[in-house]
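These are the structures, in structure tokens.
Next come two complexes, and both contain chain A; in the first it sits with chain B, in the second with chain C.
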Partner chain A sequence: MEKYKRDGVIGKERNSLRQIHKYRRQGSSGGSVVVKRFMLQPKLDALSTRDEEASADPEETGVPIKTLRQISLLKVMQHENIVRLVEMNYEDGDSLVRLVFEYADMDLRNFLEEYAAKASDQKLVKKLLCQLLRGVAHFHSIGAAHGALNPKNVLIDIGNENLKILNIAMDADALYTAPELLLGSTESSPAADMFAVGCIFAEMVNRRPLFQGKAANINNIFNLLGTPTEENWPGKLSEVFPNLEPHGLDLISKLLCLDPSKRIKACAALKHDYFKDLILLR
Partner chain B sequence: RNKHAKKYRERAVLLISKYSNYEDFDPVIPYLAMNYFDRYISKTPILGLSRNGIHNVDLTALACLVLAWKMRDLNFKTPKFLAERQDLAGVSTLELVNMEIRIMHSLDWRMRSVTAFCYLPYFEPKFHSTYGFSRRTLNEI
Partner chain C sequence: KTTLHGEDHNGEYCCHMSMEDCEQALTISLEDEKSYAITPKYLEYLASKKLIVPRFKSIQWFIKCRSRLNLCFETVFYATNYLDRFILSMNQCNIEWKYWMVELLSVACISIASKFSDTTTPTLHEINLNMEDMEHLFQPSTIQRMELMILQALDWR
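On to the complex of A and B.
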């Protein structure tokens, strides 16, 4: 790890207190990376009650199932809108593996705060949303789901306006969690990802989070989307997004659909009329 | 060396089919395990034919099976797996774990292998309409 220098915290790991740090590459190449550690086998010594091992299942031996699945998934993920795995290092007699991912200039949250003028360009919002949907569609096309989409793990390169999704089992943010998950379902699903995309889209349009407040925000969701029937939703949504064009409003209502089985799919969302006038230079 | 690989493979097929056969077992598991085994021995022409060598083949096959099972079943537990198979009582968990990690290294964590089963969801509706195969027949394939 001599090549890298610690450069800020970007989030917390799921089910543990460990923080995930961002590192800056030393030397001329520059650029930032994110490092995530995985335990490959529970330690047998006395230190084994610390952080990440604490949540390990004592019945499970060998390479943990979640680690196995996550890393093998990362290995097949190759998409321009998904953060690339740069290298893997083994440590501690192979009982620990360290994954290094490329990082972009900043996350979406910082982008919306620091580049307010640029971020208010609705054409750019459309371009970024399209890239977000493409990345998410790639996850879903190989039978996976992201599970924790939020503006902290959507990364932006300022220069070329590229967007990349970071996928490292971070804590899900309750403000972007789909209602079915808040109500007790535990499986992350493609449909839940789409709800998070809707929240992120809303945040890009209004430059503030759609749902605010403390953890359980199911009441907020119902206040905005709930009880009303199909007909009177768009009314309420258009009050929240006065500047959004009608196609965008339609897309956002389909992304935030309360019923996960009726929520729009990533590939369908990419064909939505909202993107009709988008010309991507590739 | 080729001759050895053939012997190893035969042994692995035997072991993997023996220990994967279990109530409600997922038919993809043994195929996936053999995929890992073949890729592993093609990269690691291991194991002399010493007494220990034979043991290593068994251990490799077993570790491949465990890894395949973990990829398919979130609730898989190695101790339970070993306990349910009497003749595996002599297997050391630590050795098995080390073998798992060695295989992951060697296969570069590419465990989402393409097997013939990946294409079933695509072909299944066609089979049904044309030939009237039952789901059970397909499972047996």
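On to the complex of A and C.
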């Protein structure tokens, strides 16, 4: 880890008190990376017993199943809109592995704040949303779900306007959590990812979070989308997004659909009329 | 255009794919398959190290173990693939294969395979006990170290 220098916190790990840091690469290559630690042989000290990895008794089953599946998934996940795994470092006699991921210029939250003029270009919003959906569609195509999409783990490269999704099991942000999860369903799902995409889309259009407050709760969502009767709810959306074209409004209503089984799928969203006039240079 | 119905593991999510998308997906999968396949020189290596009979025995353990512990069939195929790829990856370093190494390797392979494909995974001890005609009984920590060696050799794929 000598090659890297700590450069700010980007979030917290899921089910753990450990923070995830961003590092700046030293020397000529430059650029930033994100590092995710995995315990392979959990130690019995006070700190690591709080981690989910440690709770699965190592003596019983060997390398924890979750760790095994996560790392394997990260290894096979290769897509232009998903953050790339750069290297793996084993430490402490192989009891710990550090996965190093490339980072982009900044996250979407910072982009919307620091580049307000550029970010208000509706063509760019369309281009970014398309890339976001492609990345999400890739997750779903291999039977996985991201589970914690929010503007902090959607990364942007300013120069070429490329978007990449960071996937390192961070804490989910309640403001982007689908209503079915707020109501007690615990499994993350492709449909819940699509609700988060809807919230991110809304945030890009209005350049502020769709649901605000200390913690989004079910009331905030129902205030906007109506309690779950299908007749009354899309009404308010056009008031919230006065500048959004009709196709965009239609797409956002399908992404924020309250019923997860009726919510639009990533591959269908990519074929939506909203993207009809988008020419992407590939 | 034909549309097909794809379902994911929990059976809720389906996605309409065109015929072209399916063909493309199949091509990619077949291409991927090659990177997990073993090469002709593997057989030579097995023969030179006198590993053909031990490998055959390992596969018999896998099959027995599957039925005793009620594991799924994929586990047997994955375990065999890991075993072959690991042995092949060792052909660069000149190691002297001992019989206990193959036994340890077999226990670790089926443990990893089971973690990927079964919903409930047996403990290391259960696996070891259920390979009853094995000559050795290994410490769980030893098996875990072997698991890590395999995962690193196979690059976690």
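Note that the second predicted complex is superposed on the first by the 258 of 282 C-alpha atoms of A that agree within 3 Å, B and C clash if a C-alpha of one lies under 4 Å from a C-alpha of the other, contacts with A are read in each partner's own complex, and residues count from 1 in each chain.
We adopt the following convention: contacts are C-beta pairs under 8 Å (C-beta built on N, C-alpha and C of every residue); 3 or more make two chains touch, one makes a residue touch a chain.
Bear in mind that the values here come from a model prediction, so they are computed numbers and not experimental data.
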Partners on chain A (chain B, chain C) - clash or fit: clash
Comparison of chain B and chain C by chain A residues contacted: C
First (chain B), second (chain C), both or neither touched by A:278: neither
Chain B versus chain C as contact partner of A:9, first or second or both or neither: neither
Partner chain in contact with A:190 - chain B first, chain C second, else both or neither: second
Contacts of A:65 with chain B and chain C, given as first, second, both or neither: both
Touched partner set for A:267, first chain B, second chain C, both or neither: second
Partner chain in contact with A:75 - chain B first, chain C second, else both or neither: both
Partner chain(s) touched by A:40 [first = chain B, second = chain C, both, neither]: both
Chain C-contacting residues of chain A that also contact chain B: 40-41, 59-63, 65, 68-69, 71-72, 75-76, 88, 90, 94
Complex interface listing, chain A residues touching chain C: 40-41, 58-63, 65, 68-69, 71-72, 75-76, 88, 90, 94, 140-141, 143, 187, 189-191, 261, 265-268
Residue ranges of chain C in contact with chain A within the complex: 8-10, 12-17, 25, 108, 111-112, 115-116, 121, 123-125, 140-141, 143-145, 147-148, 151-152, 155-157
For the chain A and chain B complex, residues of the former touching the latter: 40-41, 57, 59-63, 65, 68-69, 71-76, 88, 90, 94-95, 142
Touching residues (chain side chain B, partner chain A) in the complex: 66-67, 70-71, 74, 76-80, 93, 96-97, 100-101, 104-105, 108-112
